[in-house]
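Quick heads-up: structures coming right below.
Presented sequentially are two complexes of subunit A, the first with subunit B as partner and the second with subunit C.
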Partner chain A sequence: MVPDIEIRGLSVWFETAQGPVAAVDDLSTTFRAGRISGVIGESGSGKSVMGLSLLRLLPNTAHVTGECRFGKADLYAMPLRELRRLRGASIGLIPQNPGASLDPVMKIGRQIAEGITAHGGLSRREAAERTAGLLRQFGFADPEKIAGQYAFQMSGGMCQRLVSALGLAGRPGWVVADEPTKGLDAVLRSQVCTVLRQIYTEHHTSMILVTHDLYLARRLCDDIRVLYMGQIVEQGGAVDVLDHPRHPYTAGLTGALPGRGMVPIPPPDPERLDHRGCPFYPRCSRAEAHCGRARPGDFDRPGGGKVRCFRYA
Partner chain B sequence: MTLRNRQNLKLAAVSAVLLALIGMTVLAPWLAPCDPLAIDMSNCLAPPGRAHLLGTDALGRDVLSRVIHGGRASLLLAAAATSLSMCAGLVIGIAAGYCGGIVDAAITGVSNIFQGLPGMVVMIALVGVLGSNTRSIILALVLTSWVGFSRLVRGEVLKIKAEPYIEGMRGLGAGHLRIILRHVMPNIRTNLIILFTTRVGRVILSVAGLSYLSLGIQPPTPDWGEMISGTARRYFRSAPHLLWAPGICIILLTLSIHVLGDLLRDRLDVKQDAVKEL
Partner chain C sequence: MAILTYTGRRLLMLIPVLLGISLAAFLLGRIAPGDPVDEALFRIGVEFPTEEDRAEMRAQLGLDRPLPAQYLDWVGRALRGDLGRSYVGNRDIARELMTRLPITLEVSLAALAAAVVFGVGGGVLMAAFHGTWVDTVLKALSTLLLSVPGFWLALFLITVFAEQLHLLPTSGLDRGLASLVLPAVALSAANVGSTSRFTRGNILAQLGEQYIVAANAKGLSQKAVMLGHAFRNSLVPIITLIGNYFGGILGGSTIIENIFAIPGLGSYVLSAIQNRDYPVIQGYVLVTGATFVLITLAIDLLYLAVNPKIRIQGGES
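Entry: the complex of A and B
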């Protein structure tokens, strides 16, 4: 039985030359097993930081507080040696930038076998057989040939399929897919979507999909969380949140899509920068005076889920 | 002729020269026509001839026999000192680059001190204090050349550590040792090989330099550096044949090692190799 991932009070800040910079601010949510959970937001909203924090893969300059329950274990508090046993085997990672996520001087077959044997227990021959099987599952008709090649000989779509295969090499119950369509063209985005759907249906892997690609999120995700400045401002069913956004920020994100008018979210109002209220207050077109004085809580969202906006108090 | 064939030809030629020089020094006792230490005062500074193909030196010793024996000490010192320097630099550089933080700051501080010291002066001082023997020469050479390796390795490790594939491997549950051995080291090997070959050449010249200052391999042990400095220095106008053979050997050895390093770098470049297969 694959456990849920429960995050409670997660805050992440980075030490920089200009002082501490908060990336995630007191975030609490539960990712249910057996579903594809989307995390969307603009660049810099803290979604990748949140995703990587689950596996404690953040740089040394990051400071993490909070709790992340995975079954009985707290992922943020457990010794690194124990966490290493969970990485790849219980929670896999499909990193962003597939081309750069493969070792340039190691043959593809050996890299996939590395993922398979990272936790031991398999002979080289068994690992090679499983590598060939995994490559075949991800659409490589001639796995022996691919196994003998290098990452730079692969196209963008092939690299994406390979990093997906690598993420699943340890047969994890959960996988964190970090921006899988970042920088890809429309054809490749469609291929990636197919691969991720395949992972979910064929491997029965629960997934956290971190993306700013709203089309991908709508096509794949069961539920969705919208992040703004490290806080979840809206969460609910993927289709409902994206088709009927309640929070002004979500409405701004969907309104900026080419099919919905391409209206950008306005930049922060300089007169509203000094405030103690909702983090979206300086950019919100529907803000009222009290929005700048107090932080909204999580209110019930019409249609299900939660929304962090006083309009639904 | 294709690029690959040209490279193969170059590699074969360079390997042949290097193997010939190494083979000559290894098989010296059987190849040398005379005893390299045998003095014949009645036959001093004899020009090249039938009896002595490369002539004799100021003490009447056969130059050819001394040239054949002379590479032994230089090659042994160069191989040992450069290998030890590389091993030390590799471990220290990986520790600094991979661990970061205080470890990196401490190692970088020590490296800066070593980098600031003039190499030849340190070598002269060390060999002068510890005595002119193989062990102290190797120690002096290692102490003055590990920094180059460690700096290169540290820089490369810092770059590689930030690569997404390292994060991906950590995400798969790979431990630090596994990452270092299977992903970091293979990615720095080409640069390391180039530096190794450059350093071997430089160490051979340093040994020759020490011999020139009478601090290297001590007479009467035959050594190419010593042969140039000892008698040739005094007699190079009247007996230039004393200089040619050991000089040519030093040039051939350092040049072939440099070219070999360059060719090996090309050979180990997976991109170049794979492109040629297409």
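Entry: the complex of A and C
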């Protein structure tokens, strides 16, 4: 039985030369097993930081507080040695930048086999056989040949399929796909969508899809969380949230899509920067005076889910 | 095929470098103070030569011919293993150099091995324990090694390990590997310091790369991530650095060989410099230059082992 992933009060901030910078702000949510859960938002909204925090893969400059229940374990508090047993085996990662995520001096086959043997129990030969099987599943007709090659010999689409195989090498029940379509052209994005759908249907893997690609999120996700400045401002069924956005920020994101008018979200109003209210207040076209004075709570969203906006209080 | 292309290109590049070294060695003999004709006459007992004696000897030595012809003649003889005879002792220079070269190589390679083992090993340790007391202590030690002059360290080591503790010999090479320890340590100390810091910096830079995040996400141990991924990827610049050090070690052995009374090239050339024995210095420049170039070639070929991109596609490292 694959457990849910429950995040409670997650805050992440980074030490920088300019002082501490908050990336995630008191975030709580539950990712249900057996579903594809989307996390969307602009660059810098904290979605990748949240995704990587689950496996404690953030750089040393990150400071993480909060709790992340995974069955009986707290992923943020358990000893690193124990967490390593869960990495790859219980929760896999499909990292962003596929080309850079493959080791340039190690053969592809060995990189995938490492993910299989890291948790013991299999001989090198068995791992090689499973690697070949995994490669075949991801569309490589000649897996033995691919296994003997290096990342620089692969195209962008091949690298994407390879990191997907890498994320599934340890047969995890959960996989975090971090920005899988970032920087890809339309053809490759379509390929990625197919691969992720394949992972979900053929491997029965629960998935957290971290993306700024709203089309991908709408096609794949069952439910969705919209992040703004490290907070979830709206959550609900993926199609409903993206087709009937309730929060002004979600409405801004969807309104910026080519098929919906391509109207960008306005930049922050300099006169509204000094406030103690809703984080979206400086950019919100529907803001009222009280939005800048107090933080909204999570209110019930028409159509299901929650929305963090006083308009639904 | 890419391996052959790469190796062929490296071998071709040797030709101009070796020509440059031979030209530098040849010109050294020509621009040096003192007339080699007088030196040659003095060697055969003519202390006060006449102009006729000089002209005859000049013709005999081929020094009346144009410089390019003299150079070709000198290179031709050098290629046949004839580097002439020394002013002091009138000995066959090539034979003397070839007898001493293995000794110097032994000391230099031992120093290089120390730089690799302690420098790279120390760097890996510092990176693995980054930010802990182990890192702090090793960093301080590497700074110390970098700032201590080799000759001072040599005298210090002799005093402590040879004269006080009687663990290692003070001089000579008659006790095998034990004789090599102190010279190798003295010769490589600064290189150990800089190699360890360079290795540490390179591994730490690799640890920030995306493929390290992916490796950690697989559930690999810290050791597997550090050695299997970060270290392997930092090998090319580390190998380049160590290869570059070899020239310094070869040159530095001159002083160290004298301190430890090791009969290598260093002690030979130092006495030649003191006696202005230019043919010996010429031979030394030629032999050590060629040795350095060949070692550099071997290191270039090592890239083939650690960088698959060169192995498969050829091209620059």
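Here is the rule we go by: the second predicted complex is superposed on the first by the 313 of 313 C-alpha atoms of A that agree within 3 Å, B and C clash if a C-alpha of one lies under 4 Å from a C-alpha of the other, contacts with A are read in each partner's own complex, and residues count from 1 in each chain.
To be clear about the criterion, contacts are C-beta pairs under 8 Å (C-beta built on N, C-alpha and C of every residue); 3 or more make two chains touch, one makes a residue touch a chain.
Everything numeric in this text was worked out from a predicted model, so none of it was measured.
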| item | value |
| --- | --- |
| Three-chain arrangement built on subunit A, subunit B and subunit C clash or fit | clash |
| Touching partner for A:Ala118 - first (subunit B), second (subunit C), both, neither | both |
| First (subunit B), second (subunit C), both or neither touched by A:Gln153 | both |
| Partner chain in contact with A:Gly19 - subunit B first, subunit C second, else both or neither | neither |
| First, second, both or neither for A:Ala89, with subunit B first and subunit C second | both |
| Touched partner set for A:Pro79, first subunit B, second subunit C, both or neither | neither |
| Touched partner set for A:Leu57, first subunit B, second subunit C, both or neither | both |
| On subunit A, positions contacted by subunit B and by subunit C | 52, 55, 57, 60, 84-89, 92-93, 95-97, 100-106, 114-115, 118-119, 150, 152-153, 163, 166-167, 169-170 |
| Subunit B residues touching subunit A - in the complex, by the definition given at the top | 100-101, 163-165, 167-175, 178, 182-183, 186-187, 270-271, 274 |
| Interface residues, subunit C side, partner subunit A - complex | 131, 208-211, 213-221, 224, 228-229, 232-233, 306-309, 312-313 |
| Complex contact set, residues of subunit A against subunit C | 52, 55, 57, 59-60, 84-89, 92-93, 95-97, 100-107, 114-115, 118-119, 150, 152-153, 163, 166-167, 169-170 |
| Subunit B contact footprint on subunit A (complex, rising order) | 52, 55, 57, 60, 84-89, 92-93, 95-97, 100-106, 114-115, 118-119, 149-150, 152-153, 163, 166-167, 169-170 |
